[in-house]
Amino acid sequence: MRKLILPILLIAIFALMPLIADMVGKNALMTLSARILMYAMAAASLNLILGYGGMVSFGHAAYFGVGAYVVGILYSHWMSEVPIFGLFPGSNQLFVTLPIAMVMSGLAALVIGALSLRTGGVQFIMITLAFAQMIFFLFVSLTAYGGEDGIIIRRANEVPGLNMRDKTTVYYVILVVAVLYFAWMWRVVHSSFGQVLKGIRQNERRMEAMGIATYRYKLYAFVLAGMGAGLAGALMANFLRFTSPDMMHWTKSGEMIIMVILGGLGTFFGPILGAAAFLILEFYLASWTEHWQLGLGLILLVVVLFTKGGIIGAIARLKGGRE
Amino acid sequence: MLTVDGLQAGYGHAQVLFDVSLQVNEGELITLMGRNGMGKTTTVRSVMGLLGPRGGRIVFDGKDIHGAAPERVARLGAGLVPEGRQVFPTLTVRENLIATAANRLNRPDPWTLDKVYALFPRMKERAGQMAGTLSGGEQQMLAVGRALMTNPKLLILDEATEGLAPVIRAEIWHVIEQLKAQGQSILLIDKNIAVLKRLADRHYILEKGNVVWSGTGADLDRDAERVHAYVGV
Amino acid sequence: MTEILRIENLQKRFGGLVATDNVSLDVHTGEIHALIGPNGAGKSTLINQLCGELRQDAGVIHLAGRDISHMPAPERVDLGLGRTFQVTSLLEDFTVAENVGLAVQARDGGNFRIFDRVTGRTSVWEETGHLLSGSLLNDRRDARVADLSHGEKKQLELVMALATQPRLLLLDEPMAGLGHLESQQMIDTLNGLRGEMSMLLVEHDMEAVFALADRISVLVYGQVIMTGTADEVRNDPRVREAYLGTEDA
Amino acid sequence: MILILEQLLNGLQYGVMLFLLAAGLTLIFGIMGVINLAHGSLYMIGAFAGTWVATTTGSFWLGIPGGLIAAALVGFLVEATVIRKLYARDHLDQVLATFALILIFNQLIILIFGRQPIFTPLPEVFYGSVEIIPGLFYPPYRLLIIAVGLLVAVGLYVLINRTRVGMLVRAGSTNRDMVRALGVDVRLLYTVVFGLGALLAGLAGYMTGPILAVQVGMGEDILLATFVVVVIGGVGSIKGAFVAGIGLGVVDTMLRAFLPTILRGFMAPSDADAIGASVSSMGIFLLMAIVLLIRPKGLFAAGG
Amino acid sequence: EDAVRIGVITTLSGPAGYLGQDVRDGLQLAIDMEGGTLGGVPVELVVEDDGLKPGNGRQIAEKYMSDEGIKLLTGIIFSNVAGATVPDIVDNGALYISPNAGPSNLAGKGCHENYFVVSWQNDALHEAAGAAAKKLGYTKAFALAPNYQAGKDAIAGFKRTFGGEVVGEVYTQLGQTDYSAEMAQIRAADPEVVFQFHPGGMGIAFLRQYQQAGLLGTIPMVLSEPSTDAVVLNAVGEAAVGITATAHWNRDFDNEANKAFVAAWDEKYDRPITYYASQGYDTGLLIASALRETGGVDDIDALREAVRKADFDSVRGAFSFGKNQHPVHNWYQLDIVAGEDGKPMAVTKEVLLENYGDSYADQCEM
């Protein structure tokens, strides 16, 4: 029972946020919490491979960006009524674009993962970074889709029966997708596969000796994570009504890693708290002083030096439990 | 030379050592016995300063080293052959031996690379190989050689013969005997009780973090029944 | 008499060093076959080739009549090959029970399932409990492996290997690091498994080897110099000189 | 022919510069095993401090000690207050902490020097160009960079592979406790070596000042490239970093210089330009990916 | 009191931070010179750093509009931030006046009645450079720019007005540090003129290496405005002397508005004055002219009409809005010469393009 307190609390907070925002007259709170939800999804997908699987992917923003671009490209073809490669029509239906975004980012993860997972350690970090940068440069040079300037999506994707021009509606769509996503993630990390993945992080050699062909499992996790990031990116494109290569820049990948570590590596709620903490800090510090990065830096430094295991670790120690 | 008095220690929330007292005098060979998980290694780690002690006293060579940094303990003359070898995998055999070599106490006839090579010809054969790729037994030899190269006053061997072939094991016993003859103090943990009985001056038996028995080899025979209960011999 | 394992002319080089030099060897079904030899003779290297962690340069390995020479390690495990590591290699953040449980799960299958609950796989955890209650680690079930002592880890190595229910168990110095008492216990355990599975035992503890082995092969500088019974080996002058020495143990 | 030769020399020069930038990182990341994202900040600090000294005193040469000392001091400080607490922790904690340091240092530089890029003077001696072989002119300052890069390479190689300091650092990166238990004060050693790495970063920052832009965030721009050099060369190998630096410099330069022309030989010029440009803009990453796919540990993997 | 609040979303961190700083300070200067008002209406700037992240820009805009009730926004420096932020602002019924970024996707079909640009349309920057090269009589040019959208736009813009032969077209890498290969290519191609567009640090490095390669006195160079702002010139040093620059504003412009601006700036700030500052200042003057007429921001329609009139004395001289509410103004040729202290400075030479708008205005249906 006690296990359910935190998720219920979190869902309640996010669900009530539009009302709260409205009450206190701070609508930006809704925007902020929508961004937190989407980054939390992206960070959680990264956490699956980074925290549970021990694969330090430094290119996770690539899948985030691919997901966003799928929405953007489908939208722009829908607008111009020119089929993609003269074959596939564009779309502005959320139930069409989200699955395609997941499939495409999953495919990207499959290809990159299949190659990258041949290495390990630092080399893995760098090779994932390399592939992500190549994708970044690819989109930067895609003149047809705005290159560096990106694609402006005038209108969020449609959902039958909903008014997607209403920001609150969009917010709740994001919330529902996020809750479903996290429920699914909960299943994954507590499943048989999740257990194998955790084992691989600790000792790949031992897992092989137990008959587990680790490469396949790692690739599977990598693709699942890529799809999750793609989903988050697709939502982000709908939310921002904009997509640009900036979304897949290596610094974005770095930010996702920071969120995961800040929240608590390999913990279920870590990425949510990490994303929330990072974005809230950024939001409030920036409105407070133009030298906000100094403040952010100092706070992050204090967190990493004086807590072990990020925010989750700090909470656990405050509660006096064993770490 | 080394006095441990009422030592308490542990990891995280778990206390492992409750009351460990022992003494190693100049030129003595002392053993620490006990079943797996009773706290032998923990005692050694506490002495070396690798684990902060929680209570009790550790005096080495007249100096209180309770809570001292490991390098200080080592500089005072303690040399460790750790459990599980812990050679430096990315250094070659030769580098492992010379990286930390020293003769801080100005011994007249210090251990040198050549002497170690003479003791373990295998090491000479493998001098340029990365230590991480050595066989288990070779790593063990290297760990012993590395400790000797620091020319310690007190040599601490934590299961130093683990995984060594009988011939090599015999060779190591031989060396230890020689060292002892030269007046080297030694603290030994090993499972070859028969040999220990022959070489050691005194023995301590640990049980769940307490010293439950101590005495000479002769005492060991006299108390055979109790000893059997503790260590199975 | 059938062979569970047959090795023919196995070769492995590391640079200029011939670590496995044309080794041919077989293990009979149900037999405990000991492999002894000086440090660095190539015993662990041989085991690593058998289980697929290292790839041989030349030679053939048959497991129960099947050529497994080029099979990846995990597939060999599926065919019934189990091993322990000389230097313990465990899942340090998991508890003892989780380690064993994962080994059981790995054998049991369903490892790609993402919608089940691993704690809900009762058969897995029952078997895990059963395996642990037969070992000295029973009251350390919930200890994190990183918190175990050296000897305790060595014991866990064996339990995990057994969890995969191998037909042929490769044991790389299972007694090393065990206390006297625990060694005795391990000998008893292995003796109790006689008949259930075949074993290739690498060990420097001669007491254990002579107590357990049906046959013994001696490896020196990568070559098998003899195979025989305990007495034959004990009395062979070459073995005495190269390996046994005159230790008073 | 002269053009090819010149481009080769350019590649060599660029390679040495890459190595110079990567040298400090090889030490801290490759050998000490610390993931220091703030390495670029040390480079920036060296550039700013050195330039400040140079413009205040009017002497380019005085800027060198200025930049070196500032970077080394900051390095000591960072090691003693932050990095030291993180050796025993997960590598990722180092990532988070040094990311925080980047933010802090960037903002501090803004507070001290403002947001504008600053001007690093080039001493008069290096004006113009010298004729190395007939028809081939070369900027002398670049020759100086080559010389300094070579010097650093040799010095580092000797330090790491031929001295006990190097052995101890390598030993400490895999097992700190054991080095300490054998009587070596690793903490002091690491502080010193980290400071040395910082000093090399500062040297690179100041030396490249007259060629590149000295501005806030300059460190992040080169960070990726230097990590790439270290990883291609094989983490922990000086020789590797040197070879990779030069290899990368030459390949990259040659690609940029000749790929479009070659491609034009068998495809439409506009396609050739487009493909040539994209290939070379992904250049170093493409190269790294290829190298790692063929040799997963890099060119000269240190053993173990 | 009831000051009108103007939301400024700008880039203050990172290498490009000085752009945002100058825009903001120019705008603030206009307010200060009017004693805290614009057009007699008290105003207050709310400033936030977007960190060059489109998502952040969007978030800040949202906060300004919904939480703080701000109806007038400005400040964005970069096109990609503008792309994410501007559509949302104008859809919300607020007014956005761009002091810098003028991306093409918002200038043509994507134009909007609530969106004004004070600075220029991006392409025009480079079209001016092409015109200068043509006017100087060059027929063989070598063009270089980084391999990304803005770089391609730059070369395309240059070619559009240049008309002569482009003997080499090289796309460098984004963030490239070493240009020796390009120098050798330029020397081998032996063009009459070099055009290159490398924003920020890349440009500084390019110019210094151009000099060190011995090309500076040999092959003339014509540059567009971003490559030669006062800060860049300062950082490049003597390596910039002799270059031909193009601009829509320069410090030495001889008009009353500009003289007042320059004098006030020099008094207040101890750093070189850039064209970004002039754009921020012009934005302030434009807003002042509109507020003077409407007295506030409550009636957006009235405000929009007032802004559209552009009834103010721009520091660049004649100024009006085209059909897509982007500027129609003059472009000038500048020469970079050594100043008294040896530092390079830009001197205005002559008008290149008179009353020049942009090539997207026709696509705008408003």
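Which chain is which? They are A, B, C, D and E, in the order written, and residues in each are numbered from 1.
Just so it is clear, contacts are C-beta pairs under 8 Å (C-beta built on N, C-alpha and C of every residue); 3 or more make two chains touch, one makes a residue touch a chain.
As the structure is a prediction and not an experimental result, all values here were calculated from the model.
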| item | value |
| --- | --- |
| Path length in steps (a step moves to a chain that is touched) from chain B to chain D | 1 |
| Farthest chain (mean CA position) relative to chain A | B |
| For chain C paired with chain D, centre-to-centre distance based on mean C-alpha positions, whole Å | 47 |
| Rounded Å distance, chain A centre to chain E centre (Cα mean) | 35 |
| Between chain C and chain B, distance of the C-alpha-averaged centres to the nearest whole Å | 28 |
| Inter-chain centre distance, chain A versus chain B - centres from mean C-alpha coordinates, in Å | 51 |
| Residues of chain B touching at least two other chains | 12, 133 |
| Per-residue overlap in chain D, given as positions that touch at least 2 other chains | 106-107, 110, 277-278, 281 |
| Chain E - residues contacting chain A, complex | 12-13, 47-49, 51, 53-56, 58-60, 62-63, 66-67, 79-80, 83-84, 87-88, 103-106, 110, 147-150, 152, 174 |
| Residue ranges of chain B in contact with chain D within the complex | 48-50, 69-71, 73-75, 79-80, 82, 86, 88-92, 95-96, 98-100, 102, 104, 130-133, 146-147, 150 |
| Chain C residues touching chain B - in the complex, by the definition given at the top | 14, 37-45, 86-87, 147-152, 154-155, 173, 176-184, 204, 206, 242-249 |
| Parts of chain A lying in touch with chain E, wherever the complex brings them together | 25-28, 31-32, 35, 137, 140-141, 143, 146-150, 152, 154, 236, 240-242, 244, 246-247, 282-283, 286-287, 290, 292-293 |
| Of all residues in chain D, those that touch chain A in their complex | 82, 85-86, 89-93, 95-97, 99-104, 106-108, 110-111, 220, 224, 227-228, 231, 235, 274, 277-278, 281-282, 285-286, 288-289, 292-293, 296-298 |
